[in-house]
Amino acid sequence: MTVKKLAKNDFDSFIDAIIQSKKVYGPQVKGEKYDFAQLNAAQDLCMDYDVSLLPPTKYFLPVRETLMTFEVGGGYTSQQDEEPFVLVGVHPYDLVAINQMDILFSQDNYDSHYMTRRKHATIVACDVVTPSANVFASSMGTAVVKEGADVLVTDIGDGYLLEAMTDKGAILLASATRATEADASDMQKRQAVRDVNQKSLNKHELKCDSAYLPKLLSQAYDHSVWEEMAETCFACGSCNVVCPTCYCFDVKDDVNWDMASGKRERCVDGCLLDGFTKVAGDHEFRKVQAHRFRHRLFRKAKYVPAKIGGQIACVGCGRCVSACLPNIANPVTIYNKLLDDLGMS
Amino acid sequence: MSNSVNINVHHVTRVEGHGNIVVNATNGSVEKIEWQVPEAPRFYEAMVRGQSYKDIQTIVSRICGICSITHSLASTKAVENAMGIEVSEQADKMRVLMHYSEYLQSHVLHIGYLAVPDFFGEKSVVPLVGKAPDAVKTVIKLHRLANDWSDLIAGRTTHPVTLIPGGMTRFPTEQQLRDQQQKLKECVPDLKAVLDVVLSVAGNIPAFERETEYVSLKKDGMYTFYHGEITSTDYDGTVAINDWKTVANEWVPDQSTAKWCRWNRPSYMVGALARFNNQAEYLSPLAQDVAKAVGLAKGNANPYMITIAQLVEAVHVVETSIQMIDELLTAGIKPEKIVTSPRAGKASGCVEAPRGILFHEYEFDKAGKCVSADICIPTGQNHASIQHDFEKLVPEILDEGQDAIRQKLEMLVRAYDPCISCSTHMLDVEFVQ
Amino acid sequence: MSKPRIAVFDFACCEGCQLQIVNLEEEILDLLAGADVVEWREAMSEQSDEYDIAIIEGSITRPEDEARIKEIRSRAKVLIALGACATIGGINKLKNNFDLDEVKTCVYGADAGKPHLATAMTKAVDEVVTVDFKVEGCPIDRKEFTYIVRCLLLGKTPEIPVYPVCVECKANGNPCLWDQGEVCLGPIIKAGCGARCPSNSHRCFGCRGYVDNPNVNAAKDVIEKYNLDIDTLKLKMSLFGSQQEPTVS
Amino acid sequence: MCDCCTESKKDIYLPQMATVTDTRLMNETEMYLKLTMDDGPFDFQPGHFVELSIAGIGEAPFTIASSPTQKGGFEVVVRRIGNVSNAIHALKAGSKIGVRGPLGDGLYPVQEAKGKNVLFVCGGIGLVPQRAFINYVLDNRSEYGEVAILMGTKNYDQRFFQEELAGWANRDDITFVETLDTGDPRWEGRVGVVTTLIEGVKDLLGNAVVPVCGPPIMYKFVLMTLEEYHVPHDRIYLNLERKMKCGVGKCGHCQINDLYCCMDGPVLKYSDLAAVPEAI
């Protein structure tokens, strides 16, 4: 498909026009950081944000959602969210995370709650303009978009290049009436942005090819690093909650005051948290914090990859690195330490 | 009818905190009339010592759940005065809005849930749900509005979390303020509906008068709850906040060991009626109309009218807030980054709590740790006034019989809207079994 | 099934938690449809000695209060501690950091010896009698309270999170306050409040009490990382955590 | 993105309604229930479990305790231990209950075990899931070799399915041995943990398939004993239990290293657990 070009203020009008007909979510200022929120006007959209506090996966797997309503003694009624929306400004690494989630929530048992939202979304991805403090997408091969978005936007300085990657994207772009066709020099500029990002989104450098990680971990189960790091782990789950590829959840019922109807909700949970594996009778299967700590990293680079065709389920967004107060959650630090100790074999 | 009475009300209900009433009269001669407060003492002034200036608000807010915003504001002002910390105009306005939200909340609570059942001759608001469902619903609606308003500006309805020395942790968005303003505009008819209910039972308000000294804040040209200095109906001019002790004059009277307050007379009254008597001319137009409708005029000496003065104030804060939000929106909300550093100092802070003027005083060392504290609470300042009202009232109604006397005394205590849990730190009580 | 009879009692506290029940507004009517409130001094004049569920607000600070709470316990089938004062002693426990006689003299001067000023070490309710359920927080969270009440009416044990405030704070998409120089107790304090304070840009001061296994060593490390001193942490932990495990050394 | 999925509307979390047709309290804590799906029966195998829902209370996993060879609904046995199980105990014949299932992919080796000996090792409530397979084997007795059932219970009062156990004890085409951890004046049988019974049936271990189910601690000791008799790991089947929310491989709670108890289990071959240190 062809690549179009929009001047920056035309891009704003393009977004404003979409806002008129659909819900649009995009990165906006939150305190001294950024987060995705519903857009009231294009001027609030920060396409040059570094990283959002929460990943955009929250629009598909919200931190809390009603799965169904029920009548006591009667039946259950599924609640599905079918409102179409546009998600603007998704960074390449987050896009990879969304695509991984798509596989996880559609394969084996098809999760209609996630997938219904997903199908009703149009994703406008964008190349990174401002690298965040802890991003290491370059190490994880997630620094630029290859597939999975409907539209890809790249800031080339004097304007945005917009590429429709799907039919849905093409339909969306059709409304950008002021767009012109990108010329060769525009395309060169776009390539330059991507070439730079390929390498420079790398505040932490993984000392091996990320594809090697599952193998590395298979030798590292009993390594001392887990104990050492977890010694100052709060079990606060921050690393879980901010991660675009963490998707564990809890399910709870609540009734209305009539005591005869109510809802079943799912909400965010995390494998680092106390009680995550605790069953009735107070038996806890993964009680030791170091084991939970290990479990998270094994999920990222061994267990989940086995389910999604070998893709590493850490996309290098660096959110956990920023979120972890005792500064122990950085996957790269741990993998590099293992590499140092175990070597490449 | 016998004119011997023996009243011993253990824990007056529908007031915040515990208070007892003891009256003994034999054959028309009053032997004993006492207003007692047996609440467990809580020792706030001692407990804050050693804590950081940044945490004073968090602690002293817990003095009282109903006027937690007021305690927070008074203490924060004291801290700021002690350290010479400036607050932007925007933050100052936002604090007043926060304060007003508590006024509406507290006044509606007092009028609707605690005092009005008396006018209907009911033991609580619960039977009124059946008797006057629309009135109850209106009160609930107003109360919810006030609480949502506190939530928006203070972060929660009780024990605010957005207030810090130097300003606020965050401001609401302009959109949120606009929405809030709209809701305030929409609630004016509800306030009028409450006024109608009050008017319909106004005949049940006891006709009792005792002229006394009325103490409140004063600031030129406005009906103030937050800014200004101290004044009274007996005093021309104002006294600086830091000199509040020359006003409160805590003293121990002969017939009791309780600490009372007095300034120019043996006791003084603080609260809605005192504020009204000092500054009624500065009420908002609608509030002035309401005052006229209920027959409340400057110089009123009936303590049972405190509840009515609260209604007038509720209208005033709503009307004034609508205008303040306009001012804030015109200026535009700008985020502020608050950085403060401690220094040694001692100062006071004062605001009007819904139930009367409130003083906080702190001293800090150079690291910003609290060295000493003194807090003087409106209900404490009113205790002597309640006692004096009792002493004048009981002989006047001795013929009405024990039940009526008891009812009127309880109503009187409730009219003062006492916040006993917060005043106990300075009260001394004689226990009569 | 007859409606359970609920009675509300207060001890030393600011009564802000009871106020949260009043603040339920219309929902109170729902509550009243499911239960009979037979005593509640702050809101009504009726009193009763017969109840199934006793809701206790406030901490136990005097010998006579111990007797009163034991009496209430003996009558109630279920006893609920409402709010930080009742569940963990609350701000009242700050008093326990001082010599009690000195505390009295500090506030009451020459009158400190008066009998009604007798005060004892502040205790949470469960330090005196058995508590069946706790509603944490200063003040309690209205949503959580109504959830717990509904659970009890259903005969279900409420599911209250055992993880720390950071979970809810992060889930709300808040920037961490530590990055803004605040000593936030979120990582060691029980969640369930919806991270109300940090969501309003105010540090968590710990009103819901510690999680089961607070990692105080980690807290110390973090203090170093942010160039703060350990006394600051200790002081913050004392606000609602005085005389409770854990302490930092 | 696959838009053509015919499944797309089906909600994997949505319970279907069933009716309780029979209940029986078996001891202080265990309740037997028979359920019939309102919209027609489903097919299941020994090892399958269901998620049972009580509206307003919650959902919890329970193994189907009956064999598919028995027609007319399915059975579960619920130990009273928390919210959902308490609420289930309050059900009566005629009550409605929500059911999701059958769930689980790791099932009992009904086919592989044919022609082989089968040794069931059950600890306490571990009898419940095993019962589905036991009854399957008994209903197809001729297709299996020698069959032994070892049953260990903590104390006399916790015994359940007593009539059925008595029936097994009276059969001469199977070996049934029961033991109590602690003796009791009312008990004349064996006393001691279940592992002590294995020696008595060691002769059939040669080609036996060994399904084991019991409390976490029991697995350790049973496996040690089976090791002594050199039972190959690929003939030992463990029925594992974990905290479980969704039951369909999403929520993460039941994960045992890379395995999901709900999807890969709950019945797992011991040989498949060699690289799964969290399993035992």
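For reference, chains read A, B, C and D in written order, and residue numbers begin at 1 within each chain.
The definition used in the following text is that a residue touches a chain if its C-beta (ideal position, glycine included) is under 8 Å from a C-beta of that chain, and two chains touch if they have at least 3 such contacts.
Please read all numbers here as calculations on a predicted model, not as lab measurements.
Within the contact network of the assembly, the step distance from chain A to chain D comes to 1.
Among the remaining chains, D is positioned farthest from chain B, on the basis of C-alpha centroids. Across C-D and A-C, it is A-C that has more C-beta pairs touching. The central chain of the assembly on a C-alpha centroid basis is C.
Centroid to centroid, with C-alpha atoms defining each point, chain B and chain D lie 66 Å apart.
Chain A and chain B have CA centres that are 51 Å apart.
Mean C-alpha positions place chain C and chain D at a centre distance of 43 Å. With each centre defined as the average position of its C-alpha atoms, the distance from chain A to chain C rounds to 37 Å. Among the residues of chain C, those touching two or more other chains are numbered 154, 159, 201.
Multi-chain contact residues of chain D (touching two or more other chains): 56-58, 82.
Multi-chain contact residues of chain A (touching two or more other chains): 252, 254-255, 259. Of all residues in chain D, only 56-58, 82-83, 86-87 touch chain C in the complex they form. Remark: chain A residues 30-33, 35, 53-54, 58, 63-64, 231-238, 241-242, 252, 254-255, 257, 259, 267-268, 270, 273-275, 323, 325-327 touch chain C in the complex.
On the chain C side of its complex with chain D, the touching residues are 154-157, 159. Contact residues of chain C toward chain A in the complex are 27, 30-31, 33-34, 146-147, 150, 153-154, 159, 162-164, 166-167, 170-176, 178-180, 186-188, 201, 211-215, 217-219, 221-222, 225.
Looking at the complex, you find that chain B touches chain C at residues 11, 13-17, 38-52, 55, 58-59, 62-66, 68, 109, 113-114, 123-126, 129, 140-141, 143-144, 147, 155-159, 161-162, 164, 169-170, 257, 421-422, 425-426, 428-429, 431.
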